[in-house]
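Following are the structures in question.
You will see two complexes here that share chain A, one where it goes with chain B and one where it goes with chain C.
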Partner chain A sequence: MAASMRLLVRRVIRLSHRNVNVTAAGLPGRSGCCWAPSSCRCFSDAAGDKNTHFGFETVSESEKAKKVYKVFENVAQKYDVMNDAMSLGIHRMWKDMLLHVMHPQPGVRLLDVAGGTGDIAFRFLEYVRSQQERQKRRVARSMQTPSWQDISNNYSTEEEDGPQESTAVVCDINKEMLKVGKQKADSMGISAGLSWVVGDAEELPFDDDQFDIYTIAFGIRNVTHIDQALQEAQRVLKPGGRFMCLEFSKVTNPVLARLYDTYSFQMIPVLGEVIAGDWKSYQYLVESIRKFPDQEEFKGMIEDAGFYCVRYYNLTGGVVALHSGFKL
Partner chain B sequence: MRIIVLTMSRLLGRLSLWVNHRQCVLISRALCVQQLHSSSAGFTDGSYDGLYPGHIQTTPMQKALLAVGSGVAALQNPYRHDMVAVLGETTGHLALIKLRDRMRNDPEGYTILTERPRIRLSTLDLNNMASLPDGSFGREYLRFLEDNRVTPDSRADVKFVDDEELAYVMQRYREVHDLLHTLLGMPTNMLGEVAVKWFEAAQTGLPMCALGAVLGPLRLNTSRLQSLFTSLGPWALQNGRRSRCILSIFYERRWEQSLEDLRQELNIEPPPVTLSATNKSST
Partner chain C sequence: MFRNVLGRLVTDTVRVHRYVKSAPVIQRLTPTSVSVRSVSDVKDEVQQSFDASLLEFLVCPLSKKPLRYEAETNELINDELGIAYPIIGGIPNMIPQEARLIQKDTDTSTTPTQG
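Our next item is the complex of A and B:
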C-alpha cells in the first residue's frame, strides 16, 4: 500500500517536472528531443490515446504491450537457438562482459528483469560460486598450519553457511519465457538461490530498497515506458546499489553500420523464418533496435531517473552498449 | 485528420533538424531503411500489408537466402512442411507464370482464376460427400483423408510470392495436392509421396517438386526403389506429361463424378501397383 502510494506521488512529481522541461526553451543536447515527443503528446492526448512505436509501425501504448507479449510467447521455445544463430555466438561474450564489469561478490542479491530464459542469472550464480571457491581456497592456503583451537572452531561452524548466500531473482512479464528458463535451470541442476517471478518492469512486485544489483539485458527496448522502468529500478535498489543495462545501440563506425544494417534486415528475418518459422517477430526485433535511443540519450534518461556515476561501455563497435549507474 | 498528422510530422522533422543534427541523421536512416524494407509487422488480423493477407515483402537477396536456408532445413527435417513451402515459393516464379498461363488458356481454369475457390474443411460439405456412392470422386477423396489421417487445412499460407494471382496459383497447387493423391491412388507414405512428386514435377515444372523428386528416393529402401524405378516412376512421369493441367479442374463441382470418369477426362491411367495406406514406414 505504502509502496503504491509512493509510486503515485513519484509519478505526479515526474509529470510536473516534465511540464517544467517543456516550458524551459532551447535546452541543448538530449532535451532537444523532448520537443518532439511533447508536441506529439499534446496532439495524441487530444485524440484520447497515446501512440508509440512497435518496430516501424505506430500503435497505441496499450496495444504495444500486448503485441510484445505475443512476440515473446511465439519465440520463447527457440529463443536461445536463435540468439546463437543471429549473433554467431557473440551474445555469450556480451553477457560474460556484463558479469565481468559487475564483478559481484558473494552475498549480493541480484534482480534480473526481463530475464526470461535466465542467461544472466545462471552466469551470476556461476560467477559468485567460483568467487566463493576462490575465497575458500585462499583461506585454506593461508591457514595451512592450524592450531587445535582453529580446528575445533572449524568443526563447530560447519553447519551455518552464513551471510554468504547470494540470491538471484529472475523477473519477466512473459510466462512462456520463464517456463523455458525454469526448464533450463532444471536440466542444468541449478536451483539453490534462484527464484522466478512474473512481473512488469514498469511496476515491479517488490518493496523498496531490496536488491544490490539490478540488471536488464536486451529487454528494456521492449518496455513501453522506459522512464518508468528506470524509476522502478531506482526504487527497488538499495542505496549503493548498481543498475546495469545491456542493450543494442547505435554503431558509430559508418562502414560497420552499413554492414550491420544489411545483415540485420536481410539476414535476421530469414533466419527467423528458417529456424523458428516466424518472420514477423524477428522483423520486429531489428526494427525495435533502430527505434531505441542511442548511447548518450539513454545515459541521459538513466541520469534523469536519479542514478549517479552513469557510464556506458560500447561492445562490438557499438552494436551493444552496457550502461551502468549507481543509486546513492 | 491526415493533414494534421502530416503537418505535425513535418513540424517534427523541422524541429529535430534545427535542434539536433544527429537525431535527424538517425530518423532519416530509420525512414530510409523503412522504405527499403517496407515489410512492417502486420500483426493485426483485419488489415494487412502487402498484396494479399499473409504477404511479406522480400528483397531479391532475402529470397535467395530463404531459398538456400529453407532447402537446407527441409533436407535436414523433411517433416518441416513450412520449409518445403517456402522453398517452393522462392524458387517457383517462372513455373508459376507458366502454370497461370496454362490455366488462363483453359476455360475451366479461367473460371477458377476468376472465382478463386479454396479447399478447406469449412468449405467442404463432409456429410454430403460421405453419402455419395463408392467410386465417386468425393467419396474416394473422403476415404483418402480418413485412411491417411490428414486434413486439407494443414497447408501453409503463401507468403513470399510477389504477385497476387501467382500467389493464388501456388495456394491452389498446394490444396490440389491431396486431391492428386486420390486421383493417382497414392497413399501418403514415402513411396506414394515420391510418386506424386514425380507426377507434379513433370506437370508443373516447379523446382521444388523437381528437388523433391530427385532427393525423395534417397530415403527409400531397395524394394521400394525398385518398384519406383520400374513401374511407378515411369507411369507418374508419362502421365504427368500428357495429362491435362490438374490445376484447371474445378474439383469442388465434380464430387459426384465417378473417379474413373475423371481419370479418363484428365488423361490419367490408373496406377500400375496398388499401394495401401498402412505402409507408413519409409526406409
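Our next item is the complex of A and C:
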C-alpha cells in the first residue's frame, strides 16, 4: 500500500512539473484525468451537468460541491493544527498581512466568506479593538490640559462608542468548520460583534450593499463557480467596499517552484495522514492549488465581476497572492 | 462529608448530561465555562440574542427578501416562498437545500398575519 502510494506520488510530481507552467484553463486539467490517482470519472451527467476539476480528477459540478464538503467535514477538527504544520506557521503571517493591507477602521462591517474556523474574523476584531484603544489613548493625551469647552463637550459625547462597533460575520458552507470556529470564539471569550452563518458563497444570504469589507481566505479555489462567488461579493459590498482574497497562487521563481512542488506532493499528504488521518483530503488540497488560475488570470476574473483598482501582492515568493479590488 | 461528595457527584453528572445534550464536542480547556454554560436556559437566551442582530442584513438566499424569526421552532421563515431555515446551535443554516418547506394547509401557526 505504501509502495503504491509512493509510486503515485512520484507520478504526481512528474505531472506537477508539467502542470506548473500551464496557465490553468480547464482543458489541460481534463486531459490530466487519465493520470488521476483514483478511477477516472469523466462521465457527463444526463442532465447536462458540466464537468469541472476536483484536484486532478474530473467530476461533475454537482459532485464537486459534495466532495469539497466531505473534505472539510473530515478535516474540520484538525484544521488549525494542520495549517500550522503544513505552512510551518507561515499562514499566520499571511493572514496578518491581509489585515495589515486591509487596515480596518473602527465601525466597519466585515464579511468573511469561507471563514470556517474564524481566523480572519478574530484578527479583524482584535485589530479594530487595538485601533480603538489607540484612538482613545490619543484623545486622552490631547486632553491632558483641557479647556472648559473641551470638558463640557466630553460630558455630552460620552456614549460615542455605540456607532463605532465593528461587526464581523463569518459565513461558510460547512457546518463543521463553523462549529469549530464558534467553539474557538467561546473559549477565547469573544462574542461581541461576531456572527456565524451557514451559507453558500455562490448564493449569499445577505442583502445588497451591506458590507464594507469582503474577505475570502484560502476558500475561493474550493468554490465550484468562482465567477458567481465574485458576482455575489460585488452585490453584497457597499459602494466603496473592498474585496480581498488570499489564495495560493503560482510561484514565480523556478527554483522555489520546484522546492514548493516537492514539498507539496511529498510532505503535505503525509502530514495529513499522520496528523489528521486523512491522506486524500490533503492530496485534494495540493492538487486544487495547482488547478487554480494564476495571479494575472484571477485579477482578470475579479475585474470581470465589476471590481476596480484590482491589484495583487505576492507573498512568500508567490506561494500566496493577496488580491484586492474595490466596488465603486 | 459524604453528603458533600454525593452532592457534588450528583451535580457533576447532571452538568455532564446537560452539556452532552447541548454540545457534542467539549473543549477540555475550559472546565469552568462548562459548568457556567451547562444550564440550558442560558444557552437558549444566547441563541436568541445572536439571531436578532443578524436579521438586519440576513435575507433568503433565493429571493433576497427579509426573513421572519420564529421563536418556537427556532427557524427563519420566508413566508413568500414558504420555506424555513433552521438555526442549529445558534448558527442559522442558510443553504436552500437544507430549508424545510412549510405545508400551507397543515401549518396554520406559521401562516403570516401581516396587514
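Things worth noting here:
As a convention for this text, the second predicted complex is superposed on the first by the 267 of 328 C-alpha atoms of A that agree within 3 Å, B and C clash if a C-alpha of one lies under 4 Å from a C-alpha of the other, contacts with A are read in each partner's own complex, and residues count from 1 in each chain.
Methods note: contacts are C-beta pairs under 8 Å (C-beta built on N, C-alpha and C of every residue); 3 or more make two chains touch, one makes a residue touch a chain.
It should be emphasised that the depicted structure is a prediction, and the values quoted were computed from it without experimental measurement.
In the superposition on chain A, no contact is made by A:129 with either chain B or chain C. By the touch criterion defined above, A:50 reaches neither chain B nor chain C.
Legend: residue contacts after superposition of the two complexes on their common chain; A:290 is shown touching chain B, with no touch to chain C. Look at A:225: by the touch rule set out above, it reaches neither chain B nor chain C. Of the two partner chains, neither chain B nor chain C is touched by A:238. Look at A:78: by the touch rule set out above, it reaches neither chain B nor chain C.
Number of chain A residues touched is higher for B, counting chain B against chain C. Within the superposed three-chain model, A:206 lies in touch with chain C and out of touch with chain B [touch as defined at top].
Chain contact summary for the complex, chain A toward chain C: residues 77, 167, 169, 173, 175, 178-179, 182-183, 186-187, 195-200, 203-208, 210-211. Residues 29, 32-33, 35-36, 39-40, 43, 54-57, 67, 70, 250, 261, 265-267, 269-271, 273-275, 277, 279-280, 283-284, 287, 290-291, 294 of chain A are the ones that touch chain B when the two sit in their complex.
On the side of chain B, the complex with chain A involves touching residues 4, 8, 11-12, 15-16, 19-20, 22-23, 26, 29-30, 33-34, 36-37, 39-43, 56, 59, 61-62, 65-66, 69-70, 72-73, 80, 82-83, 86, 159.
Looking at the complex, you find that chain C touches chain A at residues 25, 27, 29-30, 33, 50, 53-54, 57-62, 64, 66, 88-96, 98.
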